[in-house]
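Scrolling down, you'll hit the structures one after another.
Each of the next two complexes has chain A plus one more chain, namely chain B in the first and chain C in the second.
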Partner chain A sequence: MRGYVPGCEVKVPVTLAEALDVLAAEPGGWRPMAGGTDLMVLFNAGRMPAGRFLDLSRIEELRGIWEDETTLRFGALTTFSEMRDCPSVHRHLPNLVKSARATGALAIQNRGTLGGNIANASPAADTPPSLLAYGAELELVSLRGRRTVAYDAFHQGYKQMDLAVDELVAGIRVPKPQGLGFHFYRKVGTRQAQAISKLCLAAYARIEGGLIAEFRVGLGSLAPAPVRARRAEAMILGKPLTALQVTAAREALMADICPIDDIRSTVHYRRVVTANVFQQMLEELAHA
Partner chain B sequence: MIGIPAIRKEGRAKVLGRARYTDDKTFRCLLYGATVRSTVPRGILKAIRFGEGIPWKEFTIVTAQDIPGENRVAAIVKDQPFLVEVGGMINHAEEPVLLLAHPDRYLLEKARRAVILEVEELPAILDIQSSLDRAQIIGGNENIFKELRIEKGDPASVWARAAHIIEGAYRTGAQEHLYIEPNGMLAIVAHGDHEDQVTVCGSLQCPYYIQKALMNLFGLPADKVRIVQMETGGAFGGKEDYPSLIAGHAALLAWKSGKPVKLIYDREEDMAATTKRHPSRTRMKTAFDEAGHLLALDIDFILDAGAYATLSSVVLSRGAIHAAGVYRCSNTHIHARAVATNTPPSGAFRGFGAPQSLFALERHLDVCAAQLGLDPAELRRKNFLKIGDTMATGQVIQEKLDLAGLMDRTLQEIGYTEKRRSFAVINATDEPIKRGVGISVFMHGCGFTGSGETYLASVAGIEGLADGRVAVLAASTEIGQGKDTVFSQIASEALNIPMELVEVAQADTKVVPDSGPTVASRSTMVVGRLVEDAAYAFKQALIQQGFLEEPYTPELFREAVRRSHARFGTVKCYTQYHKPPHIEWDDQTYRGDAYPTFSWGCYAAEVAVDTVTFEVKVEDFVAIQEVGRVINPVLAAGQIEGGVAQGIGWALWESVEWKGGRMVNNQMTNYIIPTSVDLPRIRVAFLENPHPAGPGGAKGLGELPMDGPAPAVLNALQNALGNLRLDEVPMTPERLLECMEVACG
Partner chain C sequence: MAEKIRLQLTVNGEPRSVEVFPMARLVDVLREELKLTGTKEGCGEGECGACTVRLDGRIVNSCLIPAIQAQGSELLTVEGLAEQEHLHPLQQAFHHHNGAQCGFCTPGMLIAAEDLLRRCPNPDEGQIREGLSGNLCRCTGYVKIVDAVKAAAEGGRA
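What follows is the complex of A and B.
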């Protein structure tokens, strides 16, 4: 353990109100922590200074998966394992199941949370591309009140979020896909399991009367934050399934991403393989 | 008892969590130790400063100045300091400079970060080519730690008349051992009136190497330095030489503080600072006649030794001797060099140079086969060594050797011919998954190279215990490979008693004789044979002294041991290694019998390449080998499976990423070893051919499985994708993409 344990202070609120009180009283003074699966790795490696942590893991109000006619709502503390185990998630949001399954090891899936995966804001997180593809919304809460933001407007740059220092992600709402849907998720990791992604692509399309009526692509590890492939989407949206402009959309996709060279992969590999995976997805879509 | 799948002797304690590893051991007044290291690859250490906010007077601080004996690790060459002294040269990043100890391990870590090293940085040499170019002279003789030539016939006389001359260059990367337990040592120093008594317990492979290093460090005689192996969670060569440094550091802190000191590396420190497999570059030039017979082989083999000589000279020897592989060739030149770079010293790693040179040769042969229009298996078949043939060093194959039979068995198991045919059809379609199958044929020399075993003159023994059981006395260490079990089987077979009556003494220099290091696929064959001989001698002694008569029951044997013990106190029989008369080796010319014998293998890999992502999956793997007689089939198969997994990891994923001479992916998240889902079922079979040198006919097998997988996997890739320049491991998806783009122009 390279982190300085004696320098740490941890508060463990059991209600949301209590947690929000702490955040409001000392804005920026306490670092929210849910499953801790990212923070503890950093702390153990000595890459995060000792400090004050607000352990949210006991707040029951932030747990659970609810569903109505149109929406699935996830409490921010929903774990990857809970998503994997929920029949409704399997039925409506298969990409989210795949991304939960692709995250870390089982122990991490038992502990890590959807809210944490979002608010940790890693560009390489596995669930954000699926949430982007499904058009998710976030419920943010503070003592000042609740507000809802579209998830695709939440990440604003590397670790930059539309989240005030006194706010918490309370829940994630995902509209249930209606009609004839096409779901695609592919994570290209450093190995087949227990891997961080080199790139990740999730797509959802609604097909109506032979046309692409709805189409969103979420990308991971290809920009400073999880992003949507808006230019590429625009090339496909509204087009007939039989006449998808694959080459043009592939080119447009290259303008949607700005990958980097890092210890896991290269810019070149990421660009080529993202284009290939995207094309594979469109070919599957064309045959849907 | 030989040949049965006896249950692992120490397995129960490990499974139940009762096995005691170094970090499990604790004392009152224990201090934790930490190592302050250089962050630059080369420079002059100008000063050491202590930052603010740390109660430095509470700390035990050791610098080079404190060292009572010689500040050099006693290895083959004494060039590596335990600690860089002020005014001295830093030769690699992560080089130890200063030691700290404190009872509070968290404060200790804070203090470690607060030490400031003032360094005048100098230009560094970070790769093989820069070292050969001699832009800076950084070590060895003009950057060369060891250079050797193996010469047989005259390749130069062949080039002009050869039908085909084919050249190639191959590279392999560093590899991290990733034993499950990181390095760690616990030291206690008792201050005496005349001399101190140093005791170090730890995770280690070679207790007597450490004893020698600490005698030199403290200027103490052997009886004042005691080294005890704790339960050890894997080693693979990674706990062969570097633990001498860690043991020395822990002992220096204990000596200065007067308290027990525990020095345990975390995973990041272990990966960044300790040894790796030598990166290599091999250039091959080969000549063939019209029919595909190998006429000449010219090999230039270079290893990146890192900053100090350590074991590189012997790694180089083994690599060079294995470079010509399992083929008959009258004209062979091998020029081998180990070069200095400002990277942490490369060290021993399963295979010890042979995986590097065999990768080059076995990969090159598939390149040759494609150019010659021959099937890779058929090209090999034309050139296999047979009884009576001579190897590159002039060693004559004396034993029955049927490499064609070994290969045919592998080809049949994997379905080589049918698969190559059917894959060719499917691969020609636009299916994104391309499949291929490839093989490698190879050998591994058992025991130390050349005269190594003669110099070692290892000793092992059998002791009769008061309760009538016996103990095996050997310095060989149980490092997860099953040595305790195998030695028990050998002793119980020789004594004709059940295994329960055989205990294996802890590797403690105060208790066991120097049976040499636990390396070089030598424990079963060389030390096991000493154990067998000692057991026979022990039995004879009991008979001659009238305690025992043949035939006997286990109870009668037990009674005999009990009575002999009651009568004499201690009863021990030792045997020592003596060079067999027919083995000759010349260290100067590299001529003669490089090894008493070899184990032989033929491996086959089937791969699937996803041309969307360039990910490679090994879908089937067949590992067939001839290792003499198998002593424990379950443990032997485990060794092969583990070695193959390690070999596939090296072939496809395990890439040490360097930045300014420092490993930057020193976490298990980013240094990618295969998980169970990344590996195929590994199908293992042994062809038995008992060899007279080993106990019960056994030869060595621990390293063999590291030699074959990388070339087999890359040859399978060539089969799947066509003739790309697949000349490097690890062949990561990123590199494969580049290779495919180069091939497409």
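What follows is the complex of A and C.
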């Protein structure tokens, strides 16, 4: 059964202030909608009751990619195609380009947004691992004000986020990697297009004087929410490139993840393949 | 009950105006209100591409677009490809290479292929496959479709 179309009201604010007013007046009463590529699927399948939607898509303030010396900032409405088309994203954040290319197929990439990918809070979403690896921050905004949260503290459990009902994701800030960087992204799915990840691993390392000076690994489909591999990271951080403790780090990684059996894959497959992809990443890192 | 909106948009170059519910799906607006039944619905969840149309210069799945998000937009559907009696070069190539069997995926394939050739006039096979990767076909096995797109690209204008 489809969602009941005549029962759905939609508000279309054209400024952020208007949208925040609506959310503040009736917290939880209006469901934000950006590209609709998650919401419309639920709605068409009748898995979302008829309701009230706040269409964000006309709010110019939520669009655009901005850049200064140290940071790339994405408006929440930035689409996957806009990331793929932006030379600065290619230059500084290649993992994010790979995430965008690996998401759905072109028609989805033209419509789906970065803010929606984050706020939908699927553990299997494909940009979060890259954002975690790059140390991204989110700008959250409500009538009460604007605040910044580290993205690695945003997801707090399955579909649980540090996002109040009157708040929107306004933007995503990603620090530009400086110096000698190593970037790795791998999504494992059934086919290249339209497949939700069985698992996904993104890594970023900064190399200084032969040492790993900065190192983060973001994981998808391996925990109730996108997570960092903190134990595995700790085994690698600060070590010389020539003496990476691959076996120990692989073992530590197994304690970072808690995959489940589901329609896309199994615990066993996910553990084995994650360990292998991680090891391949470290081998590439050792030769960076 | 929500109130209907007056949806104004340009479809295949012609201004159109209809009263619809704001959350009506664009695919239903096209097929049921505007009687443009070339656009098909396969899955209704963004997976198959049968409902692909071009909206403001970019291809989208019309089953995932609420009418209100199409307000003021410019649309191209399969009905807009041919110029009067003359099939579009892609349509000719699909015909010639047997790129259509049952034909259900064809309108979406044609719109996706047209979009690809506009962005990338001389695609290699990998680019064609990526450009059409959101469009499923249960009949042809894709080879003939890829051949048709290649032929249309080599034939010049797309």
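As a convention for this text, the second predicted complex is superposed on the first by the 287 of 288 C-alpha atoms of A that agree within 3 Å, B and C clash if a C-alpha of one lies under 4 Å from a C-alpha of the other, contacts with A are read in each partner's own complex, and residues count from 1 in each chain.
FYI, contacts are C-beta pairs under 8 Å (C-beta built on N, C-alpha and C of every residue); 3 or more make two chains touch, one makes a residue touch a chain.
Quick caveat, the model's predicted, so the values are computed rather than measured.
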item	value
Which of chain B and chain C A:A243 touches, first, second, both or neither	neither
Contacts of A:I196 with chain B and chain C, given as first, second, both or neither	first
Touching partner for A:E9 - first (chain B), second (chain C), both, neither	second
Chain B versus chain C as contact partner of A:I263, first or second or both or neither	first
Partner chain(s) touched by A:V272 [first = chain B, second = chain C, both, neither]	first
Common ground on chain A, meaning residues reached by chain C in one complex and by chain B in the other	5-6, 41, 45, 192-194
For the chain B and chain A complex, residues of the former touching the latter	105-107, 109-110, 113, 266, 268, 432, 612-615, 617, 653, 657, 664-665, 667, 669-670, 672, 674-675, 677-678, 733-734, 737-738
Residues of chain A that touch chain B when the two form their complex	1-2, 4-6, 41, 45-46, 188, 190-196, 198, 263-266, 268-269, 272-273, 276-277, 280
Complex contacts: residues of chain C adjacent to chain A	1-2, 21-25, 44-47, 49, 52, 58-61, 63-66, 68-69, 71, 112, 115, 130-131, 133-135
Interface residues, chain A side, partner chain C - complex	3, 5-10, 12, 33, 36-37, 40-41, 43-45, 53, 55, 57, 81, 104-108, 110-111, 192-194
